[in-house]
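Structure below; questions to follow.
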Amino acid sequence: MVVGNTRLLHSGGKLSLTVVGQSVYNGVLIHYRPVACFLKGLRVSEPLLEVQKLFSERDDRVLFSQLSFTLNAGEIVQIEGQNGSGKTTLLRILSGLSRNYEGAIYWRGEPVAEVREQYCRELLYFGHQAGVKAVLTPEENLRWYAALSPLMDAAGIMEALQQVGLRGFEDVPCHSLSAGQNRRVSLARLYLSRAPLWILDEPFTAIDKRGVAAKERLLLEHARRGGSVLLTTHHELGIQGPVRKINLDQLAGTSV
Amino acid sequence: MADKKWMPRWFYQLASPRWCYQITGKLLPWFAVAALVLLVGGSVWALAFAPADYQQGNSFRIIYLHVPSAILAQSAYMLMAVAGAIGLIWKMKVADMVLKSAAPIGASMAVLALATGAIWGKPTWGSWWVWDARLTSMLILFFLYLGVMALNSAIENESTAAQASAVLALVGLVNIPIIKYSVEWWNTLHQPATFKLTEKPAMPVEMWLPLLVMVIGFYCFFAVSLMQRLRNEIIWRERRTGWVRELLDKQ
Amino acid sequence: MNMHTNPRQQASEGMAGLFMATCRREFLLSFRRKSDLVNPLIFFLMVATLFPLGVSPESGFLAQLAPGVVWVAALLATLLSMDALFRSDYEDGSLEQLLLSPQPLFVVALAKVIAHWMMTGLALTLMAPLLGVMLFLPAEGMPGLMLSLLLGTPTLSLIGAIGAALTVGLKKGGVLISLLVLPLYIPVLIFGSSAVQATVTGLPLGGYLALLGALLALALALAPLAISAALRISISS
């Protein structure tokens, strides 16, 4: 994944590896500044997303304060918490939709507000509402998303619809599809996108068991390719792999 | 906000609601005294000592209320829009509060200007309302104020409400000169050669000096009411912070 | 920050593609939901019908009233259609996706407004002669009416879209939007109806059209920025 020259530095008794250059993610060239990566066994990991001392409140109630964590490449992080604990608010803040917060968010080591365009390019956000137009067909909906995001490939739309089990429905207006099928239309974006960071808010709502299993495999595959996922779900994840959990109920008011 | 330090220090201090509360507390009595002296003195001068108009007699004396309130209504809109811009650019809470506090004062100034204009119109034109260019522009300015206030109260989240009203105030600010120009142009098209109220060919010094006193008095009064509203707003929004609790405990 | 992966040309092609894709999507949406397309036109016709009924059917009197009535009716019809501009996108979540696109938001905002104008403002302009005939507007006034509407209605759509973007997060945005936007419509109304009156009386039209064009240029330059700022603010709550 990492192309370019790597240097080993010896500083203060600690061995650290500095990577200078560029990384190739699925054929897309992404440049970044020299990032100091610590040698952990054999795996070199760089924090993609870093959150420091995040604070947010709603209607005079503190949702979380001093919330700090990092999301590394190849990691799946599940945000847990009761209803109203601020899961959706957190994801909206991290995606850049909501600006009602205090604290710092870094993307590849840069403040996210300064690299907004690049961040949006490398982000795929799946929100509470599916973002599917009822009078358009699944294919028309996905074509629009492909036009919106440069990291989405319009050529793969049929393939993606096949993957989410909507082949044969591509010409049916979405209002005659079921709620679950509508969400599948939006989830088809996951098959099209080459964005490294996925932020998914309750992606499995109204999806049947087989669909959920397929999506879980997809998330795992994404992580293996070096992408990372931040998601909320009430469903117990059946993924055997690099899943980390952050519980907002416990974390509120503490730092990790 | 803080990483670009090219504004003077007091500008950043203004961003602190606590500092703002303290400084307005110190300024308030001075402005209150000045407003009282200027308004009372100016009114007495204007009503008792200034000469009567040779055409309109004593009825012209209402300009001592009409003109200052009209000027204030326009200045308050400017202030509101500038505060909105500062709030949008530097994310300054106090600027948001200034915007919210200035809108109702400006709107009431516009109402005062419209009411005095109507009262003045009765003896001068013989009817309560005439579609005079200045009065029409003032009416539209009043509508702009109503829009900002309505939007501000419709949005529940305070910072969203402030930002949305700031955008609207700025759009209004761009539009005000266009509206003013178009209304004046429309007016000359439809009512050529009407008797203009405020454009006196030459107002003698004895007449405009009390007017000047009244205008300054109105500005001081505006400052007083703005600071009062701002202090209320600061206390309300910062009610959960330590310093406001301490302040309230003391009283 | 290194961002030299994307040559400028490629970016501008992406923007043009997005602009076209947005226009196409908006057209598709309105043609599939025909009521959105037709309702403002019916409203336009009905408002114009109310005046002879409410005031007087006398032809000389109506002819005098006609420029103002057609313009006010067109203004209200545009205003009526404005609220839906971003609302359905907001409700189904596509607006969030739009805001998270790496492409500049004002491109999409402008594309949406232009598509909206083609389906309301342009349609109103084409329908205006019918109303002119109903209200006994002299035949000399027709070119002035159509040209002034052609230049004026895009400005109305652009300004209205700012109001729509500011109120999109509110459940009852419909009345509020008219409160915000109507005072801003006044200059367009004044110059537009004066242009029609000028052609009826045989005065030259150029000056009025130049003024309407200047307003349109100003709105085209500034409104998309205000719309995108307003959308970001409305979504962030």
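Going in written order, the chains are labelled A, B and C, and every chain counts its residues from 1.
Please note the rule applied: a residue touches a chain if its C-beta (ideal position, glycine included) is under 8 Å from a C-beta of that chain, and two chains touch if they have at least 3 such contacts.
All values reported here derive from a predicted model rather than from experimental measurement.
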Distance-maximising chain from chain B - centres being C-alpha averages: A
Middle chain, criterion being Cα centroid separation: C
Chain centre separation in whole Å, for chain B relative to chain A (CA means): 49
Rounded Å distance, chain B centre to chain C centre (Cα mean): 32
Gap in Å, rounded to a whole number, between the CA centres of chain C and chain A: 38
Numbers and ranges of chain B residues touching at least 2 other chains: 157, 160
Set of chain A residues in contact with two or more other chains: 100
Where chain C touches two or more other chains at once, by residue number: 236-237
Contact set on chain A toward chain C in their complex: 28-33, 95-100, 110, 114-115, 117-118, 120-121, 123, 125, 127-136, 140, 143-145, 147-150, 173
Of all residues in chain C, those that touch chain B in their complex: 159, 162, 166-167, 169-170, 172, 176, 179-180, 182-184, 186-187, 190-191, 194, 215, 218, 222, 226, 229-230, 233-234, 236-237
Chain A-facing residues of chain B, complex: 157, 159-160, 240
Parts of chain A lying in touch with chain B, wherever the complex brings them together: 60, 100
For the chain B and chain C complex, residues of the former touching the latter: 88, 140, 143-144, 146-147, 150-151, 154-157, 160, 163-164, 167-168, 170-172, 174-175, 178-179, 181-183, 185-186, 189
